[in-house]
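Next come two complexes, and both contain subunit A; in the first it sits with subunit B, in the second with subunit C.
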Partner chain A sequence: MKLKTDNNILLKDTLQNYLFVLPALILFATFYIYPVYKVFELSLFEYDGISPQKYFVGLGNFKDALGNSIWWHSMRNAGYITFLALTFQNALALLLALIVDRDIKGGRFYRIVFYLPPVLSGIVIGLIWNWIYDGNYGLLNHWLSALGLGKLARAWLADPKTALTCVGIIHMWRGFGWGFIILLAGLQNIPRELYEAARIDGANSRGIFTRVTVPLMIPVFVLVMILTVLGTMQIYDLIVATTGGGPGYHTEVPITRILAAMIGSSRFGYACSLGLIFGVVLLIVSMIQLKLSKLLKQT
Partner chain B sequence: MKVRILSVFVFLFFALTIFGCGNSDTKGKPDLVLWHWMTDREEAFLELAKRYEEETGIKVSFELYAPSDAYSQKVRASAQTGTLPDIYGLLAEKRDYAAFIKAGHITDLSDYMNGFIATNKDDYAKLIKKGFISDLTYDMEQKFKEWRRIFFKKALEVNIFPEGNQWGVKPGIYGVPIDVTNIQMLYNKDLFKEAGLDPEKPPKTWEEFIEAGRTLKAAGIPGLVSGWGEIWMIDCFASNYAMNIMGKDKVVATIKGKVPYTDPDWLKVFHLFKEMADEGILAPGIVAMVNKSAEQTFANNRAAFSFNGSWCVNVYRGMNPDLNYAAIPPPLVNKKNPMYIWGGAGASFLINEKSKAKEEAISFLKWLTYEPQQAFLSSKTNNLPANQKCLVDIPPILAQFADDMEITTHPSILPASEYSQVIEFFNKGIQSIIIGEKTPEEVAAKVQEVKERRMEWTKKREARKKQNN
Partner chain C sequence: MINRFILEKRLKSVVMHLILLSVAATCILPLIWMFSSSLKTQDTIFSNMHIIVSDPHWENYREAWTKGNFGAYFLNSVIYTVSVVGGVVFTASLAAFAFARLNFPGKNIMFYMFLITMMIPIPGSFIALYVLLQKLRLVNTRLGYILPQINAGLALAIYILKTFFEELPKDLEDSARIDGCGKFGVYWHIAMPLAKPAIAVIVVFNAMAVWNEYLLAMLILSSKSLMPLQRGLMVFQGAHITRYPLLMAGITIAVVPIVVLYLIMQRHIITGITAGAVKG
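Here is the complex of A and B:
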């Protein structure tokens, strides 16, 4: 009799616990699992997004996507900008975070100033930088001429040699602010006593940075790196506001290709297959980063 | 007990989540909802909605969704979920237009346009009572009988699906144009004078255009500016010249796959861009320039030529009211063939076939296309009216655009349509020619390769469809 009562209590308790999780589970299933399932389902069809008819093509869309050289070229472009962001943007963010962490005068002011670009609209930023890069009357060409480097002047966003790097620079300018904020928060979480102890033990600034700051900041670095990769690979608004993917295909990125397939060519099924391939690539990159961070922690 | 309380909380949570965002207040609910993307016309639309409500008591809500890309996505998503408004515009190729019709999202207006269906009598009576009809300058009854007569012929064409159309759509008229547009060559008279050119003698032939470009370059004035970063503007320019060089029929034959893009006439088209680039006639950075930047450049007297649409009149007026310019058809390459210019309906409104207020929507669109409203829209926005009787009071520069409405053409009115992928490669290829990355021959070969691949793909798809059936 007692066992039955205990079982009932256990069952009730379990149900009660599941009930707590249920709302989150339903929301997650509705807004994440179901859409992903629908995207996968659509990717198996030839579908224009409007007509009631869909034609089953199996994995045909994936075959098309994997063999599309422009798609992989767009991935390479996004990868290049991501590389710039991971290195230069995050290095700048870390440098600035280290400076502000030293309780310099006006530290709060810098925090606000550095965080301004990320909160601006990508389209607005793109238009502002268009004026800077303009081949005719751009500020950059003007400064170069003033410095006697007029030979270097060009239409920066229309030149295939410079267009992608120029977009990358805009992206880095826009993005370093949030990296700075996250890194600064991480730095400020490191107990000051550790620095004092290291100094008493005779460590110099470089030693403190490599032996105290870096190991304790690894989880923050990983977070910033993952966010940088995910955010940069999905770059879109800056491309639209600056080059539209041109000249030719020199600044095309995965999102512009997905939208071109979806809106430009009305190939919804194909666009869904591109989206899934892109998602899988991002997932793999993130997992590699997590794995690396674990290895780094162990060492 | 605890579980019960918890259940109530869970229920309330979902109830609030699902219904909490809705607005149960139906007091101010409009009778008709219209979606559009035209930020420059929003103010005029709101004023017209106010006037319509005063005249008929019918409340029309104009809902603006911009930019146009976001608007297109919204319309497509709403079509999928069945939540399109009573009236909406569609920014799409004819192929998508056809898909919307087939999916039952657009009403066939042929009978209304041709006068076979009488206008809603209640609305008619309201218009009479309000004294609206007496303000009209031509026979109201005639207009009601043959609505289509008021429009520029070219304005309606993009909304017509003729007998035996390639998309299998029931023949009919499916949209109401509210304005017309065309794209021409503009030139800056002051810069012409500055370079020593006669501002009253703009170039009429390609040779004269290149010569003028050389003179301007020698004077340090950039030549042609246009939004060729938005590839559709390149497409307009190239298709104008393709039709001039080889004639409309050969262009259509190419689209149908009977003439390759490697044909010498197509090579001539690609070579025009190379020639302009080689001569230094194109403004620096033109291949990455959005049309808004191109408009700024021309409005600020920083380029002598601009390839732009009639909407530019309003844009230039806002940017530089003193800009001294004129519009001309693009200079001819082949004098034996006419120069067709890209144009037709600027914006059209469509009526949702599933709308509960279809008749009211049709009445409203009729009202919107009558002279007073069209004249008001034209005067407020400096766009060419779709109603051809309203051309009397338009500014002279707009009249220059209006004069050439009869030589307009549009990909949507051709008897065949090109694959989007081919169009993309074609226009991106031209960008590559301009920046000197590829030769016209390389681009032509690549475009033809994509075309053949797509044709093969379509063949396979048709075979598969037949098999499935």
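Here is the complex of A and C:
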């Protein structure tokens, strides 16, 4: 008899504990697990998003996607911006972090200011930069002609030759402050005694950088690289606010193509297959970067 | 010799400051220019490139607020941001408290499930989310925009709060229990007040994410009366592409609250990013 009441109390206690996680669990199951499952399911169907029927097409959507040159073109565009971000943006972030790490005057001010662009939305940033790049009234052309370089003036975002790089520059402007904050935190985690010891051993500042700083920073570099790739490949709102994917398909990126398939062509299943292919690409790239970092650590 | 050494050092420091200052200028100038343009008129905005406006047209803001509908967009953004942030803090802290201080079967599996989702990108899930919201009749409703965003903030918030709750001393909890506090009492009266620093980080990050969100707003909100600022800006730009002063006023309205929040809370933001980075 006593055992039974004990059990009841225990059961009640456990149920109470579940109540704490219940709201989170319901939200998570509804708005994460179900949609993720649904993406896989829908990718096998031809479905317009409204009508009650959907038609099973097997891997047909994936075949369509793999053979779609605009889709791969959009992937290449995002890859190009990612390349710019990985090299120029991260190099600038590292340079600034190295300077501020020297206990330079105003370090706090720079920290606050460099993180200002990442605080703004892609829409706001895009709309402001639209005007800088504008062909008729743009600030860039204004300055160029003031410098006597008026010949170079153009509608930067409407010119197929410059559009993608110009979008990339906006993206880097938006992102470098974020890389700067993480890299600086990594640098400041390095014990100062290590620098002292290296200096006593007769290393010059370049030697200290390559022998002490770089090896210790590899995990941070990898983290920044992976997050740069994931963030840049999924670029979207900046594109919407500036070029909308144009001129032609010159600044189309994977997310704009997925949305075009979904909203533009009402092919929800096909859009899901694009999303899955894109997810796999992102996963593979992140894996490669992790593997590379492990190899680097061993040598 | 010594003079040359000092000179070189000085020169180096000047170059470094020049680099830092010029980069800082590129961060600030577009914002100043946005603001000063919002005070010009349609006629002077393209010819007058001065930063300082001699006769500021503050009425641009009144017009943007009422005729440009930015007043309504602003209010919507505030509603969404407050609801999502409140929802995230409440649901995540309850769950994190259970994961950290209570016992129940399946606890670890559930926690890792939340964690894993932070790391696997599923870029197409918004398509299925849209289909789901349609089934639930939540397309073009406030709730349909709020609930998915609460979910989106949960994983990171649970992770941050769980680590925090785990570090709370057991004695505090025990003495509260002796005083007759139930589990919920311990959560509400002991754990939550102590978790303020962690909650601050969660509030800032989620507020920035919601305030700046665009994709979901574009997908599911079609009534102007429900749109947040980011969506409203695109609608305004599409309809009045040439009304630059009003557009700039609208952008300023969208920028000021988030920049003010950032300046007040920047310490928390920087600890948040660095904590995540160092752990990751």
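Rule of thumb we're sticking to: the second predicted complex is superposed on the first by the 265 of 299 C-alpha atoms of A that agree within 3 Å, B and C clash if a C-alpha of one lies under 4 Å from a C-alpha of the other, contacts with A are read in each partner's own complex, and residues count from 1 in each chain.
We adopt the following convention: a residue touches a chain if its C-beta (ideal position, glycine included) is under 8 Å from a C-beta of that chain, and two chains touch if they have at least 3 such contacts.
Here the structure is a predicted model, which means the values were calculated and not measured.
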item	value
Combined model on subunit A: subunit C and subunit B, fit or clash	clash
First (subunit B), second (subunit C), both or neither touched by A:P247	first
Subunit A residues touched - subunit C or subunit B, whichever exceeds	C
First, second, both or neither for A:I182, with subunit B first and subunit C second	second
Contacts of A:L223 with subunit B and subunit C, given as first, second, both or neither	second
Which superposed partner A:L295 touches (first subunit B, second subunit C, both, neither)	neither
Partner chain in contact with A:Y137 - subunit B first, subunit C second, else both or neither	both
Subunit B versus subunit C as contact partner of A:A260, first or second or both or neither	first
Which superposed partner A:G49 touches (first subunit B, second subunit C, both, neither)	both
Which of subunit B and subunit C A:L282 touches, first, second, both or neither	second
Touching partner for A:P23 - first (subunit B), second (subunit C), both, neither	both
Steric overlap of subunit B with subunit C in the superposed model, located at which of 95-103, 185-193 or 293-301	293-301
Subunit B and subunit C footprints on subunit A, overlapping residues	16, 20, 23, 49, 136-137, 240-241, 263
Subunit A partner contacts - residues on subunit B that touch it in the complex	2-3, 6-7, 10, 13-14, 69, 72-73, 76, 79-80, 93, 95-96, 99-100, 102-103, 105, 222, 229-231, 283-290, 293, 297, 302, 419-421, 424, 428-429, 431-432, 434-435, 437-438, 461, 464-465, 468
Subunit B partner contacts - residues on subunit A that touch it in the complex	12, 15-16, 19-20, 22-23, 46, 48-52, 55, 57, 130, 134-137, 154-160, 163, 240-244, 246-249, 259-260, 263-266
Residues of subunit A touching subunit C in the complex	14, 16-18, 20-21, 23-25, 27-28, 30-32, 34-39, 42-43, 49, 92, 95-96, 99-100, 102, 104-106, 109-117, 119-124, 127-129, 131-132, 136-137, 139, 142, 173, 177-178, 181-182, 185-186, 189, 220, 223, 230, 234, 236-237, 240-241, 254-255, 258, 262-263, 268, 271-272, 274-276, 278-279, 282-283
In the complex with subunit A, residue positions of subunit C that touch it	13, 16-17, 19-20, 23-24, 26-28, 30-31, 33-34, 37, 45-46, 49, 90-92, 94-95, 97-99, 102-105, 110, 113-114, 117, 120-132, 134, 147-148, 150-152, 154, 158, 183, 187, 208, 211-215, 218-219, 230, 233-234, 237, 244, 247, 251, 254-255, 258-259, 262-263, 266, 269-270, 273-274, 277-278, 280
